[in-house]
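Input: structures, listed below.
Shared between the two complexes below is subunit A, which pairs with subunit B and subunit C, respectively.
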Partner chain A sequence: MNLRRKKLWMTVTLAVLAAAVILIPAPALAANPIERFVMVEASQYAFTPATLHANPGDTVTIELHSADVAHGIYVEGYGVSAEAQPGQPVAFTFVVTESGVFRLRCSITCGALHPFMLGRLTVGPNWTLARAAALAGLAVLAAPLAVRRETA
Partner chain B sequence: MNRVSLLQIPWLKAALKNRWPQFTISALLMAGFVFAIVAGLVGTPVGSRNFGIIAVWIAWWAILILAVVPVTGRGWCSVCPIPMAGDFLQRRSLLGPNGGRTRGLNLRLPKLFRNIWWQNAAFALMAIFSAAILTNPRVTALALIIMLVAAIGMSAVFERRSFCKSVCPVGGFIGLYSQVAPLELRVADAAACASCASKACYNGSEAGYGCPWGTFPAGLTRNPACGLCLECLRSCPNDNIVLNLRPFAADLEKPAARLDEAFKAFLMLGAALVYAAVFLGPWGNLKVAALAAGTWPWLGYAAAFLLICLALLPGLFWVAVRLAKRMAPAKPHTARRHDFAQAAAALVPLGLAFWAAFSLSFVFANGSYLLNVLSDPLGWGWDLFGTAGAVWSPLYGSWTVAVQVGVLALGAFGAARVAQRAGARGGLHPLPVSGYSLALTVVMMGLLL
Partner chain C sequence: MKQETLARLVVLALAGVASIPLISGPHTPLLHARLAEEGGWTPDVLHAEAGEPFALRLTSDDVLHGFGVGHTDIEPVLVAPGTVTDVTLTFDQPGTYTYYCTVWCGLNHWRMRGIIVVEGETPSTAPPEPPLYVQLAIDIDAPHPADVTPAVRPDAANAPDAAVEFSFEQYAATSPAQLFAEFSRQPGLKDLTDAQRWNLVAALWAGQTSPAALVEGEAIFRQECAACHGQLGGGDGLYAEALAEAGEAAMDELAGTHDMMIQAPPDWQDPAVLLGASPALLHGKMLRGGMGTGMPMWGALYTDAQLWNVVAYLYTFQLNSP
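Let's look at the complex of A and B:
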C-alpha cells in the first residue's frame, strides 16, 4: 500500500472513532428514579458538598444553608435557583432529565471571589470527561497524519 | 510557500499605511484604559460592579485570548495604548513621522535585559497576586498604573520599545502565542533588502520611524519580534513589506530553542492549570488562600504556584525529552538544554488552548455583568442605558463544554504536530512530548468539565 492510501485509511479510521466517541449514547442504567434530598452548605466561596450526584429521572431537593453571608445556588443547564440568608435555609425541588455535568454557581454577590464560587451536579455516570479524554487521544494520534513528509 | 499577502487588497493596504485608523483605535483604547484606572480607583470596590474589572478581565481578556491572539498574533500590540505616551515622548509627534528621528536618552538596553526572563518575572509576580488583581478594582487600577508608568519611564531612558520587548508581562505571552497565528509580517524579497542602501525600515526615514521593536524586517523569521506597529510598511521605500496569511503555527516549525521562551511556555501552562483549579475548582480554602495576599496560606499558594510552573512541569518535561532522545532512531549530538528548549515549542499551541478553554468557562458565565457596568461603570447608581439593574444570567450551556473540549483536543493535536515536526528535525522521538501534552490536557479537562 502506498503512503497516501495508508494515510487516507488512518484518517478515515480516526474520524469514525471520533464520531463514535461523540455520538454513541451512554448506556442507560436501569436505575429506578428516586427522590433525593441534599443539604448544601454555602460559605465563602464554596458549596459543601461540592459535587452532587443524581440519575436521570430523579427528583432532587436541595436545601441551601448559608453559613456566613447570603448566598444563592444556580443550577446551570436547568436554570433553577434559590437564595438563602444566613440562618434561613431554603429548599427547592426539580427533576433531573438530561445526563451530563452541570455547574452550580452562587447567584448572589457574596464577596470578592463570588464569580468563582462553583460546584457540580453530575447526572448519571460522568461520561463527558471520558469522551473528552478519548477525543484528545484521537487528536494526538491524528497529528502525524497532518505532517507533510519533510522534503529537506 | 503557501503564503498570501493581504496587502494585495488595495483598501486594506491603504488603511494600514495610513496612520489615522491605527491612531484612532489606540486613542479610543487609551480613553478606555484611563477610564478603567479611574473606575478602579474611585468606583465601587465590588469587582463585578466595577467597569475597571469587567472591561479589563472579562471584555478585553476574552477578545484578546479567544480572538485577537489566535487570529492576528500581536494584533493587540499594534493598537495597545500602553506605549502611546512613551512613543510620544520619543517622537514629539502624535501622528506625523517627524523625520523618523526619536529623542530621549535612547540608551541601548543592557544585554542583561535583552531576553524575556524579565517578562517571565513580571508575569510570575502578577500571577501570584492574580486573585486580588482579578477581583479588586483598586488592585487592577494599580497594576495598570504600574504598567503605564514603567512604559513611560523606560522609553525616556532606553531606545525604542524597550518596555514592550523585555518587561511587559502581557506582551510576553502575546508574543509567545503569536507564533500560532496564521498571520505574519515579513519582507517580500530578502534580496531586495540586501541591496537596499537606506534600510529605512530599521533606521527610519521621512516616511516612518525605524522599527520601534528594534527588528530588522528582512531578518524576521518569527512573530514575537514584530509588534505589528506597521512603521516599516510606511518607511520602506521599495514597498517590500508584506502581511501574509500563512498556515497555523508556522513559526514553530523551526523553533527558537531559547530557554527564556521555554520557561515562558511553562509559566503560561502552569498558570492555566493552577487558575483552573483555583477559580473553577470546588475548593473554597484554595480560593481564600489565593486572595489573601501577604498571609501564610497565600505564601503557601504562591510557593506552590511557582513550584508547579518552574519545577514540576519543566522537570517532568525534561524527563520526557530525555526519553525522546533515547527513543529517536538517529541521535544528532545536541546539548540537553537545547533539546529541552526546542521541544518546548510543542507547549505553545497547548498553552494557548488551555487559556482559551479556561477563559470560556468564566467569560460567558460572567458576561452579563457587562450590561451592568456599561450603564453604571462606577457602581454609583447611574443607569446610562437602562441596563444597570440587569439580573445576572449566565450565557453558558452545553455548547460551552463542547467548544472547550474541541479547543483542548485541538491544542493536544497542535502540540503533537509540533513535536512530530520539530522532533524530526532535532532528533527527538515525538511520542514522549505528545504523551506529556495529552496527559496535561486530560488534567485540564478534569478541572474544567
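Let's look at the complex of A and C:
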C-alpha cells in the first residue's frame, strides 16, 4: 500500500516535471542586438559555412559569393533571398526576430543535386535541444519505476 | 468483311485527326537549353522574318539558364527547368543575331550560343566596315608590354593644364605608355615631371569617356568578364584556373597537332600589362575573342559602343578617372 502510494507520487511528480520542461516558456536572454556580417560561399552543392548563428534582434548581413555556377540563398521562415553569379557577389540584410532553426536553401536550380544544397540559420539558444535533454533525463529517472513494477 | 472495312476507316480517320496539328500552319518553336557539355541550345539555328513578331517557347532540360539576344534591346529572360517561358521577339532589321545564355550555368557557360537568321529586304548593301584593329593593322595576338610604367597611380584630377589635341583616332591607336613616351619628347611637355605627364595621360583617357559610359562598361565587365578576369581585373577570377586546366587537358589530346598553351587571363593590376595596350587592341580582343584561351567572341553580343565603354572601364584599373 505504502509502496504503491510512493510509486504514484513519484509518477505524478515526474509527469509534472515533464510537463514543466515542455511547457515553460524559454526565458528571454537580455543580449544586446548586434550587427552580424557573414560571407557565405556557395558551391555545388554546399554553403560554406553551412550553419549561421544569430540572436533574436540581430541585424544579419549575408554576402553570398558563388564559387562555381550561379547560386542563390533563401532563408526559410524569413522569406528573404539573394542570387549570386560567379564574380558578382551580392549582399542582403535582414533582422532576425523569431528564434529557432531555419533552413537555408539554394534558390537557383544549379545542378543535379541542387535540392540537397542546404544550410542552417540558428537563432538564439537551442531550447528544443535543452528540453529534449531534460526530458531524456526524466525518462532515465522514470525507468526504475517501470522496472520495479514488473518485478513486483 | 464489312466490319473490317469499317474498322479500317475508323483507324484512318483517327490517324488523320491526330496528324492535323503536324501539318496545319507553323507552330511555335520550342527551344531547349542544356549545359554546353550536354549540347547547349537545341535547336541552335532559328529562322524569323524581319518586322514580324517571332514567338518562341523556352525551357531548360537541366539547370537555370537565361536567354538573351545580342545587338538588340530584348530584355533577357530566365529559362528554368520544368517550366516553359513564352517570349515574342520582333526584329526590325534582317541579319544574323546571336542568342546566348545569361546565367553562369557551368564552366562552359559562354559556349551556349545559337543564331537567329532574320530574313527580309536589306535596305542597303553597303559592306560592313572592318573593325578598327584591322584598319589600324594591329596584331592583337602579339605581346604588348609597356616600356615605361608610372611610379604612382596616375590621377586625371591632378593633371597639369596643357592644351593637347587628342582625337578619338589617336586614343584608339595609342597605348597610354606610348602617349607618355611621346609627351616625354614633346617640347612643351618635356619639362613636366613624370607624374605630371602620367596625370595628363590619365586626363586625356578620361576625356574619351563619361561617368555614365564607365558605369555601363563596369556593369558589362561584372556580368561577363569578372568570372575569369577577376572583379578587379587581376586575372584571378574563379574560372581562370579551371579553364586553364580544362584547356590543358584538351591540348594534351591534341598533342603534336597544335603546339600551343592555354593562357591565363592577363593581370591588369600590373601597369606594364595594361598600359602597353591601345584601346583598339583591347577592343579587337573583345570583338574577336580567341587568343588560344576561353575568351569568347563578344562582337556578336555587344555593339561597338558597348565594347568601347568596357575598354574605357578597363583602363580605370590603372588610371584614376575623376
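Just so we're on the same page, the second predicted complex is superposed on the first by the 106 of 152 C-alpha atoms of A that agree within 3 Å, B and C clash if a C-alpha of one lies under 4 Å from a C-alpha of the other, contacts with A are read in each partner's own complex, and residues count from 1 in each chain.
Note that in this section contacts are C-beta pairs under 8 Å (C-beta built on N, C-alpha and C of every residue); 3 or more make two chains touch, one makes a residue touch a chain.
The shown structure was predicted, so the numbers you read here are calculated from the model rather than taken from an experiment.
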Self-check item: Partner chain(s) touched by A:Ala31 [first = subunit B, second = subunit C, both, neither]
Solution: neither
- Considering only the touch criterion stated at the top, classify A:Ala19 as touching first (subunit B), second (subunit C), both, or neither. neither
Per the contact definition in the header, classify A:Met39: touching subunit B only (first), subunit C only (second), both, or neither.
neither
Between subunit B and subunit C, whom does A:Gly77 touch in the aligned arrangement: first, second, both, or neither? first
Between subunit B and subunit C, whom does A:Cys110 touch in the aligned arrangement: first, second, both, or neither?
second
Comparing subunit B and subunit C in the superposed model, the one touching more of subunit A is B
*asked:* Quick check for you: in the superposed arrangement, does A:Gly87 touch first (subunit B), second (subunit C), both or neither?
replied: second
(Q) Per the contact definition in the header, classify A:Ser66: touching subunit B only (first), subunit C only (second), both, or neither. (A) second
Does the superposition put A:Leu8 against subunit B (first), subunit C (second), both, or neither? neither
Residue overlap on subunit A between the subunit B interface and the subunit C interface 109, 112, 114
Listed in rising order, subunit A residues that touch subunit C in their complex are 66-70, 85-88, 108-112, 114
The subunit A residues in contact with subunit B across the complex are 43-47, 50-51, 74, 76-77, 100-101, 103, 105, 107, 109, 112-120, 128-129, 131-133, 135-140, 142-144, 146-147, 150
The residues of subunit C that touch subunit A in their complex are 60, 62-64, 80-81, 103-107, 109, 222-223, 225-228, 230-231, 237-239
Interface with subunit A, subunit B side, in the complex: residues 46-49, 131-132, 135-136, 278-285, 287-288, 291, 362, 365-366, 369, 392, 394, 396-398, 401, 405, 408-410, 412-413, 415-417, 419-421, 424-425, 430, 434-435, 437-438, 441-442, 445-446, 449
